[in-house]
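I am attaching a structure below and will ask some questions about it afterwards.
Order of writing sets the labels: A, B, C, D and E. Residues in every chain begin at 1.
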Amino acid sequence: MENILTVLLFFPLLAGLLGFAVHKDSIRTYGIAVASIEFLLSLWLWISFDMTHAGFQFIENIPLISDFGISYYVGVDGISLFIIIMATLMTLIGIIALNIEKDIKNLIITLLFLEVAMIGVFVSLDAILFYLFWEFSLVPMLYIIGAWGGERRLYAAIKFFLYTFAGSLIMLIGMLYMAYAYHSISGSWSFAITDWYALLLPLEVEKWLFWAFFLGFAIKVPMFPFHTWLPYAHGQAPTVGSVILAAVLLKMGTYGFVRFSLPMFPDASVMYITPVAILAIIMIIYTAMVAYAQEDMKQTIAYSSVSHMGVIIIGTFAMNAEGITGSIFLMLSHGIVSGALFLLVGSIYDRRHTKLMSEFGGLASVMPKYAVIYGIMLMASVGLPLTIGFVGEYLALAGFYKISPVMTLLAGTSIILGAVYMLNLYKRTFFGPVTNDANLKLEDLDGKEMAALVPLVLIVIWLGVYPKPVLVPIDNTVKALTSFMHEKAQTKEAKATILVSKTNREKK
Amino acid sequence: MTTFAFYFFATLITLLFLVTVLSRNVLYAMTALAAGMVLISGLFFMLDAAFLGAVQLVVYVGAVMALYSFAMMFFDANKDIKERNGSAVTVFLLGGAIAVMLVVIFTAPLIGQGVASLYPPAEGATNPQAVGLVLFTKYLVPFEVAAVMLLVAMISGIILAGKKMDFSLSVVEATKSIDSKTIDNMDNTEKKGDK
Amino acid sequence: MIGLSHYLVLSAILFSIGLVGVLRRKNLLMLFFATEIMLNAANVAFAAISYHYNDLSGQMFAFFVVAVAASEIAVGLGLLVILYKKYGTLDLDEFTVMRG
Amino acid sequence: MLEPISVSLESLNLITLSPMLIAIGGALLILLIDLFKDNLDKTMYVMLTMLILFIDIGATFSLNINERGFFDLMLVDGISVVSQLIILVTSLLFIPLALTASNNRFHEYSYPEYFALFLFMVAGLQFMVSTDNLILIFVGLETASLSLYTLIAMHNTKGSHEAAIKYFTMGAMAAGFFLMGSVVVYATTGSVELYEVAKILQSQGVDGLSSIIAPLGGAVLMLVAIGFKVSLFPFHMWTPDVYEGSSAPMAGYMSIVPKIAMIVVAMRFFGIYINLNIEAVSYLIIIVSVITMTLSNMMALVQKDVKRMLAYSSISHAGFVMAALALGTTKANSSIFLYYGLFMFTNLGAFAMLWISRHKAKRFHGRYDHPYEKFSGMISAHPIAAVIMAIFMLSLSGIPPFSVFWGKLYLISSVVDFSAATGESKYIVLAIIMVLNSAVAAYYYLKLIVYMFLKPPVNELNLVYTNKSLALATVIGFLVMATILSIFYVQPLMEFVTYLVSSSGY
Amino acid sequence: MENLLYIALFSPLVGSLFAALFAMSPKNIITGIVTSALLLISFIASAILFEHVMTVGAVHVTMMDWIMAGDMLIPFGFLVDQISVTMMVVVTLVSTVVHIYSIGYMDHDKSFNRFFSYLSAFVFSMMVLVMSDNFLGLFIGWEGVGVCSWLLIGFWYHKEDVSRDVNPSISPSWAANEAFIMNRIADLGMLIGIFILYWNTGSLQYDVVFAALPNLSDGILVAAAIALFVGAMGKSAQFPLHTWLTDAMEGPTPVSALIHAATMVTAGVFLIIRANPLYAMEAVEWVSYFIASLGTFVAIFAASMALVCRDLKRIIAFSTLSQLGYMFAAAGLGAYWIALFHLAAHAFFKALLFLGAGNVMHAMNDELDIFKMGGLKKVMRWTYLYMGLASLALSGIGIAGVGLAGYFSKDAIIETAFNEQNYILWIILIVTAGMTAFYSFRQVFLTFHGSKRYADTEIHPHDMYKYVLIAMSPLAILAVIAGFFKGWFEEFVTVLLPAYKMSEETHHIAWILGLVVIAFAVGGIVLAYIKYNKGLKRNEELENSLVYRLLSNQYYIPQLYDKIFSKPYAAFSRFSWLTLDQKIVDATVDGIGNMIKTGGDNTRKIQTGNLSDYLRWMARGVVLLVIVAFISHQLSQGAN
């Protein structure tokens, strides 16, 4: 099946449209069925993926607006493959765990549309196509937050939308500039990323293009100081919204760095490692502290997301295969772990209609299964070895050590501060005596919730112990990426900083 | 002679138009306007545009002023009208500034000095003849469009001043508090009425 | 000798007078008078330039301006009639429902 | 004695007049029919008008590009054809909106003259774009404007009268400035034909302060008139009031058609300056357009009425487009038409959606017909309508893949290209201002979506689609499809527009 | 041998998972038995491996790849050599005993099954830690034991937080978190060390890394040594990261015995021993010296606190701390094998001591204050015997080559200090030995001798179950005899570890040195006997003295940490959130939005609805355009 990506991309769209015809009592099952099929399709993608091949696979290229070089150009490589699988998985999990009755039909259809946008972002090899899905993903999310969210949902939804929208528009200018640059050299228009890779830009141009793209990605990530939309969005979003937001939507930003900034502007990327890393470190430390101060469980996890995203950024800017592979793996692990944590907070919220830590205490005795799964996810979140969280965090930090030991030390405080706020959260919620009578009668996780969470637990442990099947394809692509960057780099510093891994050096 | 005539006309026109603009009385204003228009036609004659001058007299003093007079009577506006002119200073400042600006533009050296005339009056033709020659060749299309425009103006005038505009199909003037049912009823009855 | 610029300056002054009238008049009828002045000011300039260049385009333009002026009055007065019927006044300070 | 004039019919190239003649003839036909037979149903006139417009489109298509006719008075070039097509297609989509559910719902449609005037207006606009003679432009403009004032007033509400008088008065003043601008041009070059003007300016040169004063002054005066019609700050002030006062389809129509006609004039007129490298004019236009889009966006932000918001938004879109006009590159000029070509579906659609919910009484607000509250919780009552409206809003805010996005993309791209090609980074700043304005604009479009989708219905006066009819639904359906599926026809459209624009040297 | 290795490694994991199956069901004795049996199997396997290593040599297997990225290839590789096998045997042995002991000790606990699951999981982690053949594998175990320790310290999570005056460790869950976080701080150092080694040697396999060490620059070596030692400091609770260890006594006593005395806390020492090629490098000499000095300091520092402590378990914890100091002193001085030997010996008697303390607690209804005990020797004869023996071993009693385990191991360390001619360390270590003897026996006497101070309570103490007492016997035996294997052990491990021999001179006066130590030790015991044998005589004046209060409050260090770290951190966190994040960063964002909105409100005012105003604005617009045009012209002229 050569056109599997197209099928993958348009299947949820079709399913969403057909979903309008499904009766609302059956829509849940319909949603689960569709999401499962989509997930299986993405697994099929994995199976048929050629692990030894570093470049793009399953490429489809159909010109859409040929005069302006815009085409339907899709493909996957090791970097995007697993993010796609994660997106389909988290959508499935999110629908399984869905605990909303109000307008459920609209919600499920919206989720399916969101899935289209998410997959679209990660398969697009055409910048405009990428931008199309990138922007479009805001719409379903806006609806999800705004319609099923908490008290200040409108504020949160609009803030989320406008903030990210503004950032990506600046990025759009960068894209248009790239297209022009390509045009002025080759004489034809193209928005194909692969064409852009080959472009050698003057340093000055590279520099400001880097920042144009940076702004778009940084707001999405979200990097300090552009992060303030995130706590609101998470705080107000329904569980499924938070899950997908944290698991997939944030990854779009970091994915953008890997897909665009690094290969397109290697010199500028190297040049701006320090400012970016400083932002990332501030983000790691500062948001970890803010997370510690939170009263609301969900907010803690939301801020912890920001903090972890800082590590991903650090890894991305490590400019060596270790760091970049690590950061991509960390994207996956953070997606799964934070998704699971949001699910967990969601299930307690469903029971008690509050997320304030002060309302809880001693839950471990009342809801042991819940406590166990929460504990596992917590440990994964703080990066315990043999859980999924460790591999990426370790590799990202290890990679960045090559750039700057001191900054790695500062970024590494993530593992301390992460433990501080996470354990504090766990202690306040799960440990101690049960002080609130309302908590005494709480029921443990039900079958639906277990069905959503147990697979995640298994993945967390499986990929923590045996990450090879995922790491190897990522690593292959990343190695090719670093050697490409090395070759493309114009300045001496960049050539020196971008590290080509041994295997690729031998190939030459 | 021409100098004197120009200054005579210019001063008079300016003064009359100032009266038009500043007078509180509609009648005075209109009379001054009409007089100004007549004098402008004098300028046209001085500028070898006899036909234009004639048109000016006929259309303005004849048609336009007649229309205005009827309107004035219709509106019963021959009494003094109280106008609240809060910011006379702004108005005159703006007017002055724009006047200065226009004067600066017009007194700036015109680069078109010595440009060959594109449509010179035909040799030996009188002004109306020359105008006619150009108007019915080169400017036939605008002329026809102007005819259409006058048709439009006529239709518009008829419609707007017509009886049919006295009531409106577009709105229900609801003054009292209304509830949804009555409105739906209103909308519905209307529907029935159509059938 | 009276040159082109004399006429043009006169035109500019007349235009400005008309403009002042447009800006300060609150009675719509009288405001329309002022717009007539503006159009006539332009006509003076057209005629003068036409004379200056010995070119008939200016006169043509002026000719059409007169036609336009006449049409405008027809439509404008039509509007005034209907306004007067509905509002009973021509004071434009009364027509400020739509704002902001 | 005068020589008889002999003019060969071929040299007149009368075909260049055919589209306008069709429209005028059609209008006269309608008037004639009305004369002989009373009480014909409006549906007959609607269909007749559509057919005439259809033939008009056909005639426009069959025009040969870059031809002059009628003593070089008529000019059929690419931008003339493309703008005529936009005008005609928009008109074709506008007219069936008269087919509301019940016959006598709205005053204007009870007049057969309405349709005649409409066709006259179309003809006037077509004249305006098919010539570079200032006289014909002026006469065409006035013909169209006078018709338009009447069409607005014929809605026959207090608001529409207020709107018409405001529009009329300001239009008269703008006409004065147009004339003064023409005077300056004429005085400077001795010609009122733009191609001659360009030639003379080119040959005489415009060096030094003294020789530039007059051309620059002419540009300023013309910009007042153009700015009025295109609604640039601060000549835009009629726009929100007029849109609010007139019927919704008319407002939507006004936000496209007269503007595109005036933009063509502006393109012809300012094209001279840009070709002469008078940068001051470019800056002037850019500064005005930046102020326009920014201020109107800010004002749109605080509106309480959707129609009024859309009015401000259309001002900001116009500002957006004008910025591209200042660049004068082929791409920028094509992008303007592409933009309007795509924008018309969405904007007309948005106004049409307001139209079908227009009530005779103001049920939700003392003054507004379409306050935001009216749409509160619309998703539960009218899900399909809410989704359609949301799509229009998303499109207007430039969310891909909806139509306006492509226009915006191409337009910003032209700005970016210009900057990159000239190496002037200030145009990048312009591009950034433009996109930031888009972001601000997204807020107020979003506000409507928020009301429709995310707020509970607050008013017990539920929203009723009294005007809904099959015809309206068809038109809206078409507009929605055109908005959604734009990605599939952008390529041919772009090719077509670029071909037309570039073939006549813009 | 590979299979044996896997059996030794994974049987605890199997046990843990098995117990976990029952984690949420009521007590099931099977879990205890199965896990204990599996540990016994693991122990036997380890013992066989020990024999194998001794006779054949090290076993090295690579199970599978773990992390591969860039040039980094980290397998799950396991290495059983002299060092690790020693640790394996010690760990599995002590664990087995502790497991069996726990069946009795945790008898009444409703989370019986969960406890065994955790405990076995801990053993598995510990095995990974010691058996791994690379630094990252070690780090897995390192973190794994940390988590298990967190779980086990916080085992009684349902207890609520109390103020520090009532319970110095606040609550089990608090102590658990403290332990975890403190360890994490050190772990960061360790990670950095790993990074340093990776980027400079290109690998994390021990053999590759050690082989590459001589090529590295001094700076890198020093940095790596320091970073790794920071890791070790956390796990082995060295000053200033020591406070968690005493608080960790909140966990069930078997846990204290296993984790916080015998095994996990010695991981730091193990790391230093493991990385001996690094620490033996000339360039890092001063780091090693620093390790020795810090160890010595901790030894006396912890002992001093133990002197006045009233809490049974905390005394033992302080003594653990002190003994860890000894081990670091030895390792720092280059006597790696002695450190390892003391590690092993200490594991036996300290575990025994803790288990004995567990018995006492069991008998006294979880009472821990030794001031409220006394006269228990009659009712708890076996326990008395075990604890007496262990205390003797700890004090290092013995003479002329005959003595308990501690005599051999600890004396060797003191002797090493002398041998290195580091007399300051030597003196401190000797004094510490005296103090050790004093507090050990202070505790023994106050607990078992004198009057029954618990008499007025409802407590009826009785000794532990028989099988528990029997299970403890291997430890007791080893505490007694372990020392005799010293020479044999030296021979065994110095195959791998650098041999450390006393110089001629030292050797000559060894017996004098031994005597001095014994003298101090006996002196300590005698002093304790004089003061406490008859029972408790409280001395108000002494207890209120500055020094006493300082010691009993652990030098006010926990309070200090609270004041300079925890509280400011919490305060600054709140500040970050409420002020920085909400009032500055977010307010800026909202401010921009509001500014635009206010701008809209203001601009909107020009739209008055009055036609005159509109017309005037048009006129203003003309003037404005003229000005703009003029400026534009100037601009464009300026640009050209």
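The rule is short, and it goes like this: a contact is a pair of C-beta atoms (placed from the backbone, for glycine too) under 8 Å apart; a residue touches a chain by one contact, two chains touch by 3 or more.
Quick caveat, the model's predicted, so the values are computed rather than measured.
Listing every chain that touches chain D and chain E alike gives A, B, C.
Simply put, of C-D and B-D, more C-beta pairs touch at B-D. Geometrically, the chain at the heart of the complex, using CA-atom means, is A. Using mean Cα coordinates as chain centres, the one most removed from chain B is E. Averaging Cα coordinates per chain places chain B and chain C 5 Å apart.
If you average the CA atoms of chain A and of chain E, the two centres end up 36 Å from each other.
We define each chain's centre as the mean of its Cα atoms; on that basis chain C and chain E are separated by 95 Å. The mean-CA centres of chain A and chain D are about 43 angstrom from one another, to the nearest whole unit.
Multi-chain contact residues of chain D (touching two or more other chains): 135, 139, 142, 146, 149-150, 153, 158, 165-166, 169, 173, 180, 187, 190-191, 193, 217, 240-241, 443. Of all residues in chain A, those that touch two or more other chains are 162. Those residues of chain B in touch with two or more other chains are numbered 90-91, 94-95, 98, 101-102, 105-106, 112, 115, 117-118, 138-139, 142, 146, 149, 152-153, 156, 159-160, 165.
Of all possible chain pairs, those that touch are A-D, A-E, B-C, B-D, B-E, C-D, C-E, D-E. Residue ranges of chain D in contact with chain A, taken from their complex: 379-380, 394, 397, 399-401, 405-406, 409-410, 412-413, 416-417, 420-421, 428, 431-432, 435-436, 438-439, 442-443, 446, 449-450, 453-455, 487-488, 490-491, 494-495, 498. The part of chain E that touches chain C in the complex is made up of residues 604-605, 607-612, 615-616, 619. Put simply, chain A touches chain E in their complex at residues 159, 162-163, 224-225, 227-229, 286, 289-290, 292-294, 320-323, 325-326, 329, 362, 364-365, 368-369, 372, 379, 382, 384-386, 390-391, 394-395, 397-399, 401-402, 405, 408-409, 412-413, 415-416, 419-420, 423-424, 427, 430-435, 465-468, 471-472, 474-475, 478-479, 482, 499, 501-503.
Chain B meets chain C in the complex at residues 2-3, 6, 10, 13-14, 17-18, 20-22, 26, 29-30, 33, 36-37, 40, 43-44, 47-49, 51-52, 55-56, 59-60, 63-64, 67-68, 71-72, 74-75, 77, 81, 83-85, 88, 90-92, 94-96, 98-99, 102-103, 105-107, 112, 115, 117-121, 130-131, 134-135, 138-139, 142, 146, 149-150, 152-154, 156-161, 165-166. Interface residues of chain B facing chain D in the complex, by the touch rule stated above, are 101-102, 104-106, 108-112, 115-118, 122, 124-125, 129, 133, 137-142, 145-146, 148-149, 151-153, 155-156, 159-160, 164-165, 168-174, 178-180, 183-184, 186-187, 190-191, 193-194.
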